[in-house]
Amino acid sequence: MVDSILLNPIYIIGIGLGTSFILGFFKSGRFQAHPSAMHSERIKTAPWVLMIGALTVMTFISAEWLWSFLFNGQLPQQIYTAGFEPPFSINLLMGRNEAFFTLMVNLVGLLSGLYLLDKFKEMGTHALSVYLVLIMGLNGIIMTRDIFNLFVFLEIASIATAGLIVMTSDVKALSAGFKYMIATGLISGFLLIGIIFAYYFGGSLNIDSLAEANLTTVQGGVFAVFLIVVSLLLELKPFPANGWGIDAYEASPVGINAVISSASAGATYYVLSKVLIITDAKWYAVTAVVGIITFLGSNLMGIKQTNAKRMLGYSSVGQVGLLLVILGLSEQLGNSFKFIIFGIMMSHYLAKAGLFWLVGIVKTGILKDWGILRKKPVLVFFMGTFIFALLGLPPFPSFFAKWTLVLTLSAAGLNLWVGLILFGSLIEAVYLFRWFGYVLKLDADKERSLSTPFYRTFPVWLFGLLSYYIGYVASVMVPGGETLGMFYLPLAFVGFLFIIDRYLPVWVKNTLSMAAMALYGWYYMAGLSEFRMLFAIIFIGGGIVTMIAGYAKSGKRVGFYPFVVMMYIGLGGLLLSENILQFFISWELMTLGSYVLIIRGKKSMPHALSYMMFSLGGAFLILAGFGLAFAGSGVSSISLDILKNVTRYSGLIYTFLAIGFMTKTAVIGLHIWLPGAHAEAESDVSPMVSAILLKAGMFGLVVLMLAMGSQSLGGVSLPYLLGWLGAITALLGNLMAAFQEDAKRLLAYSSVGQLGYVVFAMAFMSHLGWLTALAFALNHFVFKALLFLAIGGVVMRTKTKTMYEMGGLIKRMPLSFISVLIGIIALSGLPPLTGFAGKWLSYNAVIEKGWYFQGFLVSIAGLVAFLYCFRLIHVIFLGQPKDKFKNIKEAPIAMLIPQYILIGVIMLFSLMPNMVLKPIGEFLVQYFPDGALQWDGGTAVSSLGRWSGVAIMNITIGIFGTILIWLLFMSRKAVKVKQFNIFYSGEAPSRPELTHYGYNFFAPYKKAVGFLVQPLVTRFWDGIADILHSISDFVRRLYNGNGQMYAFQVILFVVVFSIFTIG
Amino acid sequence: MVRKIFVIILLIGLGWFFYGMADSFHGSDSLNMTASYYAENGAEEVGAANLVTAIVVTYRGLDTLGEVTILFLTAAIAAFFLKSKEEFSKRDVKPSSELLQTAAGMLVPLIFVLGVYVFVNGHLSPGGGFQGGAIIASGLVLLLLSKPLQKVNSRFFALVESFSGLFYVGIGVAGIFLAGGFLDNSILPLGEFGTLLSAGILPVIYILVGLKVGSELSGLLTKFQETQEEN
Amino acid sequence: MTFEPIQIAWTLLGLFIVFNVGLLLTSTVRKIGARVGKRRGIRFFQPHIDLIKNYSFRTNFSHGIMFYLAPVFRLTGGIGIFVFMPIIYGSAHFSNFSFAGDAILIMYFIFFGTLGMALGAGEGAMPFSAIGISRGLSQVTAAEIPLVLAFLAVFIQNNSFSITEIVAAQQGGFLNWTMFTNPIATITAMLAFLGAMMRSPFDIVLAPQEIPVGPPTEFHSSFLGVLSTNRAIFPIAKTILYINLFFGGATNWPVLILKAFLLYMWSVVVGTVFPRFRTEQSIRWFMKYPLILGILSILVLQLG
Amino acid sequence: MLSVIIIIALTILVLAAAILAVQTTNLVVAVISAGLVSLMASVGYLFLSAPDVAMTEAAIGSGLSTIIFFYVLNRVRGKDHG
Amino acid sequence: MDFGLVAVVVGFLLILIGIWGILTQKNIVKIVIGFSIFDTGLHAIMVGIGYLKGRTAPILDSAVSPADALTSIVDPVPQALVLTAIVIGLGVTALMLAYVVRLYDYRKSLDISSYEDLKW
């Protein structure tokens, strides 16, 4: 129990006020413009120390209360003023919520106070008083239970805010402050009318008494309720009547807008939530509607912003909108309401304050100048933390909150809300990730330095670390949180990697990471079976093999290994998941890790952004799908098995999940992120993201299809659609690959095509189909990793990815050449190598299923694959070597080792396909008993034909060897001739550039079928982006900067709102 | 013009809404629950004849504290960003007329006394801290008008303001220890109803409020006065 | 069916026959062409002589490892098609190594040689070779598009990939041939066949006038010998595939050779009648009528 | 009855002064009118049995506010606005 | 005639007039004047709400004894609130005027459309 005398919550107010009055004893400091008035350092610091002391005590009191509420079973306490009981005197309440919110306010107040040290020194004691009063006022807003008293505290807060806005003392801030005053003046006027009418109709000013008075049932009382609600909503800056608020965000000094965003918004939000008890259900619904409009509208506005503060302002308003939605739907959310609010609120609070603080450290609002933050990698880390937290990615509290929100809303049948919330979140992600991309990629101004005094970085550190801690707390609280233990140890290792990241050389970290992954695989994956085991081999085994290439790097490679390991943990987590929560967390972890890996590439900024957008879009669809499944299964369980028991919405669930997973497999239409992302990534990242990561989507499809079988939507069989989609993807992906000039892009498009095969084959929902798909998947992993590594090695040496600039490299890089040769033979499915297995199986499956035309498309895709395969090897390795690459070396040994391991795998698989395919077939029989493949030793026998890998291999090698020996014998005297010793009508060309035919290699093809590869999809998505941007640009003209316009909007909001609610 | 038409349409909408509100207002025949309580118990519990004062200072004392805080804020903000001329001597202002100066010399002390009277008697008669404070401030205006050359000591106002504010908060906190809660009136005996020294701590508070409001308003005015010289 | 070493001998025998037939067909075709042009033409054994001559040359001229591998790939491709295919229906000796795979294997093995050739030509570093390859690959893959449809139609019709089974289904009179049971597929296949044979109008790949150099010039002596060997075997092997799938197969050597000759002549006749296409023209051509016919052939099966 | 007449007169005057205050282009007139609105309102409050409010409105609303307005007017007038 | 109702109606009208001023006047001093009229309207409404017909001020003196206060005084609560509101209104007005002065210092203009620096 808290001592109610010594730690009376009223002291928060008393101390705040008293200290600011004491500050009046100090001589006021003045502007810098008057240096004569500057006082000595110590005198200037003393008031600041006093204020910090006061804030510390205030923080301590609310912390103490929260502590006793949480752990000592403290009961809520009423604080009566003037010694009389409410409703006749003003009373305050200190309950669990109040303790929580005041702690939030005071903590951010304290830290911002710390952060603003030099600013305060410059501005003097008046500013300190005003600041302290602001914090005090916010505390009052939270605790008071009297509605007029609330008005007074709101006025205090808004006047103090207006005062602090002008602390920057430029004309922009002044005009913003003036607009802010006009708007808040009007709003508080309306609030006052509402209050006095509430008093008239309810006979009291006490909120609890007013609640008993049932104002909404009194004729006329509804006006009072309307005005109170609308003014409080307006205080929360609802879209579109919020231009004044946005300007204020932009104009106010950075420490201050941290307070406005985190603390004021939180406090005002809490006020609304406590005042809403005087209303009825209708007003909750109204709040939710206003909230969603604000959430969507503000985030839309955010897209067009170029100034960090303004953008964060929009984001803040949007987040508050989301909180309003949740508040408005609190009835439907039931028991989860508090948890959801807690999660979203905490994330917003920590992240927004942190980001605003960072704005002050970077000292510029211009987003494109933010590259300078890279001088302090720790701050970049925290910035990422905040952005991820804001967007609801794990392991941050908002993730768990959004998760619960979606599940609960779905269970309540509020699917439209789910859709809108997720859509808004996606828009928000657009600009936040774009910003993060700028930070990570754009060149910094070399001249500028980044000053990071302790008092500025400390708050950022604290809130950054708190985000993780609160995330942990939320993860324990979320239903199903007890099953998240599987992430703790692996993620702890990621944390460890972060800590050592800046100190150890790359080979140490590479070794550590590989060892960790091996252990991870050993301890966590050993018990897996069937599909999961198969994918574990690809994910973890493949991951380790590709990581060998990391030894080729030198230096420290800061910011690489934690994310690699995180990605693999995510991938592994997918396999270990038993419930949808684990699955979704893993999915997001994987996305996060891979995003950072992808953006590390030199030119990958836009591609990483589109990767993230598609991934998040996909993740949200998955989330929506899980939500529907949770609702549709009828059992309140989060086990993955609910997918099997779905009784409602099954078509929708299937569609959502399938599309969500297919954003990762990059099916046509959702593929535009892939080529850039894979092509621009670093040479050892490309194989990871292309060969391994894409399989995550496939695994998702496996889980989905096994659980739900075939579903249909609107009478159309979804697997049938998937089949077509996969086939078209295969064809178009390969065609596009054939026309690339960029080697890695070619491989990337090839991945699109290959994954098209996989989707196509899975859609068969038959034994052979799935066997095909799995064979494809394994093969694709092996040869794509091989090719990307080999090409990566070449690119590393030549420093270019454009194929026609290379040529003749076979002489310099023979080992890489062999890798590529084996790789393309496997890829194009030529016998005797392993790729043929997939082809053969797919023909069997096609005939068996009767999907002839789809099969036909896939066959053509195979032919086209042949084209680009040849192009890849020819243009890079054959032809005339260029002068500038005359002396380049073979790829580093570290890159070659994994390549030859993979070649070994290919050879083994080619010789003994039964070794792999037979066990797969055996477990597939459980799911698809019909049409299984028979094995006659090493020969596969289907109802249609037969295929003996061993025999083909042996015969081919026999013929090949014989002829080779014969030829070698015949031309045993031949020696290699010089480069230009070719028959050229007697004239040797002088430049190798003239003799290397590599550009637009398949020109005739392009002429003939180029119309098929028009970038329609890209144009479609660009169009969507353009439309969003145009809407954003158009709507933001509302905010024309004119104070009267803003006032007009505020009043219009009131009028329109009244028409909709009581009119 | 288009803009005005829009505004007119908007105001018609708002007017229609206000019409609805005014229409729902029928006046009252008797005091409502809260007001009745004050009417019945105010005199007894607080001991102030002026019920408005009783409410303002005691029952809703926190509001008043907030309100003086707002004035404090305003004064602080104005002081903060209405920058004063440091070089006071340089200004070139016509001295005001002899008559005004003499009148001011006589009137200002009277006005100050009146102001003090108003807030000392706030618990008995109409008026109180705010009104008294405002009167004091108006006296200051007269002073400023008559003697523009005289440098007004804004430090003095600041000190008075801080002292009274601090005492106010201090009394409030003392209520927690000595009586029923923050700003409890009964830490002093209520005294005899209707006399100057009655109503517990209320008069003291109102005096502090008066001092505070007066000094804040004066400070504010001084700041605005000081801007006059910047040209 | 299990593997017995003696099969190697029988396969080699078959290979030898096919090899000679291929060479003779080449000379016959040229002779016919010459006679039509009122010339004498080459001797029937001229290809044999050329081949022997090529093999007996000794070269000291090489462009590197791939230069060796290309002809090897090429010939392996040609021989591979042959050895994985049953030649004579019902003959235990001339079923070759068809136990190892089926028609799908052969479809894909065709590309084995193509790839090797292309690689070798690339290694020769002659830019015209690369142009030729670009054209060749484009055209071959385009020609394969209708071909795949035609093959699919046959597979669907017989519900099998096994060439032996497909041939078996065509026994008992020529009306059982796919040619008559599924004429559309056959027409499609024959149109696609033209593209694969690289004769006019689809001979721009070799383009003897415009591109006087390229693989045939860079490769010489025994390299060229290996390639020429393949030119004898490969077309015949491919023709045999068509015979097996569409024309009832063959139960003895004379029938096989007759059918092969007729099929071969089909491309020759067309070639003498039609002028040459540019590459993109030929691609477009394959994507028009043959493609439509191919789709039709499958539709007929699906609906019928 | 007298009070009713006074109230009606006050009402009309208040509204007229208010309209004048917002419509006139002369800032001095506007400020004075606004002060008048307050002053008449404070008279009205007396009729509404609110002497405290009346005093406050008179001292603050019509008194101090107007003074501050004039300080500001003095500060900004004569340069580009009347 | 109910003076309370009159005060409420006049208050609403003043509010409308004030808003008219705020929304249509270009001069920022006029906007602030609009505000002060808006505020006056608010206060009038509040006082009007607390008025009870025929009752006296809520001051207990010789005329009104504490015993019959219940039946003879008007509602003191709105009056108390108005006191607070007036002082707050003064604070807001003063602050706005301070803004006016500072804005004027920067741009030498009183036109609100000169201060559209932050937008979109």
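A, B, C, D and E label the chains in the order they appear, each numbered from 1.
The working rule: a contact is a pair of C-beta atoms (placed from the backbone, for glycine too) under 8 Å apart; a residue touches a chain by one contact, two chains touch by 3 or more.
Predicted model only: the values in this text are computed from it and were never measured.
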- Task: Moving only to chains each one touches, count the minimum steps from chain A until you reach chain E.
- Result: 1
- Item | Those chains which touch chain C and also touch chain B | A
- Query: What is the shortest path, in steps, from chain D to chain E when you may only step between chains that touch?
  - Reply: 1
- Message: Please tell me whether B-D or A-C has the greater number of C-beta pairs in contact.
- Response: A-C
- Item | Whole-Å gap between the CA centroids of chain A and chain D | 58
- chain B and chain E: spacing of chain centres that average the CA atoms, whole Å: 15
- Task: Please report how many Å separate the Cα centroid of chain C from that of chain D, as a whole number.
- Result: 106
- Message: Can you compute the centre-to-centre distance for chain C and chain E, using the mean CA position of each chain? Integer Å is fine.
- Response: 99
- Which chain C residues reach two or more other chains? none
- Where chain A touches two or more other chains simultaneously, the residues are 148, 152, 155, 159, 162-163, 166, 193, 197, 199-200, 205, 1048, 1051
- Residues of chain D that touch two or more other chains: which are they? 51-52, 56, 60, 64, 68, 71-72, 75
- Item | Those chain pairs that satisfy the touch definition | A-B, A-C, A-E, B-D, B-E, D-E
- Message: Taking the touch rule as given, give the residues of chain D at its contact with chain B in the complex, in rising order.
- Response: 51-52, 54-56, 59-60, 63-64, 67-68, 71-72, 74-75
- Query: What does chain A use to touch chain E in their complex?
  - Reply: 148, 152, 155, 159, 162-163, 166, 171-172, 174-179, 181-182, 185-186, 189, 192-193, 195-197, 199-200, 205, 243, 247, 250-251, 304, 310, 1036-1037, 1039-1044, 1047-1048, 1051
- chain D partner, complex, touching residues on chain B are 50, 52-53, 118, 126-128, 130-131, 134-135, 137-138, 141, 217, 220-221, 224-225, 227-228, 230
- Item | chain B partner contacts - residues on chain E that touch it in the complex | 2, 4-5, 8-9, 12, 15-16, 19-20, 23-24, 49-53, 57-61, 66, 69-71, 73, 75-77, 79-81, 83-84, 86-88, 90-92, 94-95, 97-98, 101-102, 105
- Hey, which residues of chain D end up touching chain E in the complex? 3-4, 7, 11, 14-15, 18-19, 21-22, 27, 30-31, 34, 37-38, 41, 44-45, 47-53, 56-57, 60-61, 64-65, 68-69, 71-73, 75-76, 79-81
